[in-house]
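We call the chains A, B, C and D, going by the order they appear; numbering starts again at 1 in every chain.
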Amino acid sequence: MLSSSSLLQFASHNGMPIWVLNTSIALIMSLVVFALCGLGVLILVYMERKVAADMQLRWGPMHVGWHGVLQLIADSVKLLSKEDIFPRNADRWIFRLAPVLVFLPAFIGLMVMPIGPHLVVQDLNVGLLYVLAVPAIGVAGVIMAGFGSYNKYAILGSLRSAAQMVSYEVPRALSILGVVMIAGSAKLTAIVGTQHAWYIFLQPIGFVVFLVSTLAETNRVPFDLPETESELVNGYHTEYSGTRFLFFLFGEYIALIAGSALAVVLFLGGWHGPGPEFLAPVWFLIKMFAIIYLAMWIRWTLPRFRIDQVMDLGWKVLLPLALLNVLITGLIMVL
Amino acid sequence: MGIVKEQMLDNGIMLTKAGDLINWGRKNSLWWMGFGLACCAIDTIMMVNSARFDADRFGILLRNTPRQSDLMLVAGTVTHKMAPMIKQLYEQMPDPKYVIALGSCAINGGPFYYDSYNVVKGVDKVIPVDVYVPGCPPRPEAVMHGIEKLKEKIMARGQIELLKSK
Amino acid sequence: MVSAIIYFTVFLIVGIIVVAAMLGASKLLQTRQPTQAKLDTYECGVPNITGDPRIQFKIHYYIFGLLLVIFDVEMLFIFPWAVVFKSLGLFAFVEMLIFIAILVLGLFYAWRKGVLKWV
Amino acid sequence: MSKIEETKVSKANLAELEKELAFDETRESEPTLKTEELVLNFGPQHPSAHGVLRAIFNLDGEVVTKIVPYIGYLHRCFEKIAEKRTYSQFMPFTDRMDYVSSMHNGWAYAMTVEKLADIKVPERAEYLRVIFAEFQRIASHLLFLATTATEAGALSPFFYFFDERERILWLFERLCGARLTYNYVRIGGVSADLPDGWLEDALAFINRLEKTILEYDKLLLGGYIFKKRMKGVAPFSAERALDWGITGPPLRSTGIPYDIRRSDPYSVYPRMDFDVVIKDNGDNYDRVCIRSDEIKQSLKILKQAIEQLPDGPIIADGVAKDIRPPAGEAFAHVESSRGDLGYYIVSDGSIKPYRVKIQGPSFANLQAFPAIAEGAYLGDVVLTLGTLDPVFGEVDR
C-alpha cells in the first residue's frame, strides 16, 4: 500500500490516462488489502483460541501444524468443502446475500485506514465519517440473515443486533468529536499527524466510551447478545453452514480489526513511535494487537449483560458521558 | 462435483492431492454438536472440553447448531421419545457428517437393555454410526481414541467418497 | 475525489468477485444431498410446530430508533462544526452549547417520559 | 332513523357521514397494529437445556410470558428395573439416576435396604461414606457453578471449576476406579478401603480448594455484571417453596434451614460441626451463592471426618450376596446435592424388592421453574432454570 501520488505523477509524465492507472493501482491495492485481511483474520482467530486457552489453563490448538498454526487453514478448507444448506422456508436471495453484506462493508471500510505516514490506500477528507458509516452497513446484513433464515432464534438475534446498533452508534460517534475538535480535521492521516501527545491522555472519557461502544458494535462480550449460545442457539447465524458461515466469521473479525485500528488512529497515536520511519507500521500493528488483546481479555473474563441493561448503558451512561466529553473539550479549548 | 471431478479423474495426481487436502481439512476440524443426553455427557463431553483433556488441541470445537457441526456425539441413553429428535438433528447436519456412539447405552441400550420399555437398543437403530466407544461412561481418553479412529476412517473413506460422489 | 470513487468501486467489485469465487469453489467441492428433514427449519431438534416466526412481533426499541435518527442528524451538524472549531472560537462554542443543550433537554424529556425503559 | 329518511340526507350531512365512516375505517384498522406473541421451542437439544428439558416459551418481545415444560425424554424405567433385580443388583443403577451426584443415590438406596434388612454398618464405612458424599457434593456444586457461569456468558470460570472437579475425580478414581458412576457404596458398607497416601492427597486438595474457592467467589460471584444479572431475578418466598415441595439449596435460599443432615440426622453427621447455610431472598443470586458457601461447609465436614476416621472393617459381616429382607417397608432419605432424596422400598420377603419408589429433589425443584420464570427476560429464564439445577436422569427416572 504505497502512496499513489508519485505513480500518478509518473503516469501524467508519460501521457497515460490517469483513470487507467488509478484503476489498476486500485485493483492491486484491493487485492493486497484482501490478502492482508484474510491473513489478519487467520491470525486473529488463532490468537483468539490461543488467548482463550491461555486464560483457561489449557493449550489451545496444538496438533495441526507447529503449535496448531495450520488449524485455521484446516477449518477454512473444511468449511469450503462443506455442504451449504438452504432451508426450505428461507427467503432465497435475502438468505444468500446476508453473509456477503456482513463481510463486504467491513472489508471496504478498511480502505481509509492509515497504518503508516504514507501507507494508506485512499486518504479521504471525510475519512472519519467514512469509517463510521461504511462498516455500519454490516448490521443490515445481520438483520437480513435473521429475517431471511425464517428461524426464530435467528430473528431474535438479529433484532437484538439492531437494538444494539441503534443504541451504540450515537455514543460511538460523539465520543470521537473531542478528537476531531482538537485535531481540526476529519482526515485520518491529519488526526494522526497532529497527535504529538496521544489523545488518550487528552480524551480519557472519549476513549473509554469509544472502546465500550466499539465492543458493542462488534458484538463481543459483554455485548454478545445477538449470538448468545445459552439463549439463542447461535443467534443470527444459526441456519448458516459451510462457506456462508465462513463469511460471518470473516466479517466479525474484520470488524474487530477495523474497530481496534480506529482506536489506535484516534487515541493511541497511530503509527507514532520511537525509531526510524520504516518502523511506523510495526508500531501501528503492535498498538492494534494490544487493543485486540484487550478485547479478547474482556471477552473471556466477563459475563454478558441482559438486553435492557445493554440499552440502559448505551443511552443513560455512555451518551451523556460522550456529550459531557464534548462540552469539557470545547470549554477547555475556548478558555 | 461435475467438472472438477472429471478433471481430477483425468489426472490421478491432482485427485489425490485435492482429495488429501480436503480430507486433511475435514479430519483436523471436526466441530462437534454439543448434545448431551445422560450420564456420558457429563463425564465425556464436558470433560473432553475442559482444561485437563482439551479437545481444542485437536481442532475440535463445540458448536450448538447442527448446521455448523460435522460430528455428532451421541452421549447417553436414547429413549423412544428422544429418537425422532436425534434423527432430525442428524438429518439437519450438512454433509459430510460423522457419528460417534458414546457409551454402552448409545451402543446397545447398555444396562437398560432388559426390562426397560422406553430405551432404544442402540442409536444405530436410528442413525448410522461411524465409531463406537464403549464404557459406562467411557473415559475421556477413550473418547479421544475414538476420535483418532474416526480420523483414520475419514482419511480412508474420503478418497472413495470423492470418486463416487456425483 | 474522483479517484476516491474509483477506488471505492474497485474495492466493491473485487470484494464481490472474491466472494463469488469462494462460493463457486465451494459449490464445486461440496456434495449436496438435500433431504426433506435437512431443509426443515432448525428448532432444537423438533419439526417446526410452533408456528410462523414472521409475525407482528413486539419490537421494543422502535422509539430508540427515532432517537437514533435525531442524534444522527445532530452529529451531521456537529461534525463540520468540530472540524473548524479551532478557528471559530467562543461564539461558535456558545452556539453549539445551545444546540446540544436543546438535544440534551429532549433526551432528558424522553428519559423522564420512560421512553428509555426497555419494557 | 328509517330507511326513507336515510336516503334523504342533505349534502352537508352526507359529508359528515363520510367523515364518520372514514374515521371508523381507521379505527377498525387499529387492531392490526397489535403485536403477537412468538412461540419459541426450547430444547430438547439446546446448549442450556441441562440435558433434555423441552419447554415452549411464549415471547412478548424479550419477555417470556408463558412457559410450558415437557419432560420424559430420559425416562429409563428405574423403578420397574428395580423390581426385576435383586437388591444388590440394583445398586449400579442408582448411580445413573442423578448422575451428577451418584454417590448420594447409592447411599440412600443402601440406607433403605439396611433399614429393611436390619444391617449394622461398621463405623469406618460410615465415615468413608461421609467423606465420599461430601466430596461428591463439592463436585456437584462445582459443576453447577461452572454451568451457571457459562450460561451467564462467562466462559473461563467453567474451566477453573472443572479443573477443581477433575482433582476430586482423581481421588475418586484411586478409591474405586470410576470417574462418574462409582458403585462405591455397598449394602452394609463400602466396596474398597482407602489406598495408601489417599488421605494426605485429600487433605492437600482440601487445603487447596479452601483458598481457590475464595478466588472464584471474587471472580464470578463478586463481579459487577454477574450481580446485576442475578440479583432480584425470579425470587420465590418460603411459603411458595414449601407449597411446591422444593428442597435443598433452593429452599435454603429462602431462609428455611431444612437440611436432612441436621433435620433428620443420619450416619455420623451428628458428630460433625457445620452450619446449615441459609440466605434470605430466594432469588437467582442467592441460589448461586448458597452453593459456593455449601462447598466451604463441606470442606469443614471433610476435615473433621478425616481427622476422626476410625480403623476397622469396611463392610458388615455376614451380608449375603442375595439379601432376603423380611416382608415390610422402609423409607430413608439423604441430603443430596440437590435436596431431599428418598427411597421407599416394599419387600415381600423374596430376593427382589416388591416395589421401589424414588423421590428425587430435581423433579420437585423443577416444577417451580414455569411459575417463577414467567415474566422474566429470555436471558434470565435460562439462568433461572440453571439455578434450580435439575438433573434429568432424576427428573425423568
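List of remarks:
Rule of thumb we're sticking to: a contact is a pair of C-beta atoms (placed from the backbone, for glycine too) under 8 Å apart; a residue touches a chain by one contact, two chains touch by 3 or more.
Nothing here was measured: the structure is a model prediction, and the numbers come from that model.
With B-C and A-B as the two chain pairs, more C-beta contacts join A-B. Chain B and chain C have Cα centroids lying 39 Å from one another.
Centroid to centroid, with C-alpha atoms defining each point, chain A and chain B lie 35 Å apart. Centres computed as Cα averages put chain A at a distance of 42 Å from chain D. Note on chain placement: the centre of chain A and the centre of chain C lie 14 Å apart, centres being C-alpha means. Multi-chain contact residues, meaning those touching two or more other chains, occur in chain B at positions 22, 50-51, 64-65, 67, 85, 89, 92, 94-96. Contact of a single residue of chain C with at least two other chains is seen at positions 29-33, 38, 40, 42-46, 50, 53, 57, 59-60, 118.
Contacts with at least two other chains are made by residues 38, 40-41, 44-47, 62, 158-160, 163 of chain D. Viewed as a network of touching protein chains, the structure reduces to a complete graph with every chain in contact with every other. Contact residues on chain C toward chain D in their complex (touch as defined above): 43-46, 49-51, 53, 55-60, 118-119. Of all residues in chain D, those touching chain C in their complex are 32-36, 38-46, 49, 54, 56, 60-63. If you check the complex, the residues on chain C that touch chain A are 2-4, 6-8, 10-12, 14-16, 18-19, 22-23, 25-27, 29-34, 38-44, 48, 50, 53-54, 57, 59-61, 64-65, 67-68, 71-72, 75, 78-79, 82-87, 89-90, 93, 96-97, 100, 104, 107, 111, 116-118.
Those residues of chain D lying in contact with chain A across their complex are 38, 40-41, 46-48, 59, 62, 149-156, 158-160, 163, 220, 223, 225-226, 228-229, 377-380, 382. For chain B in complex with chain D, the touching residues are 33-39, 41-43, 46-47, 50-52, 64, 76-77, 79, 81-82, 85, 89, 111-112, 114-119, 136-137, 139.
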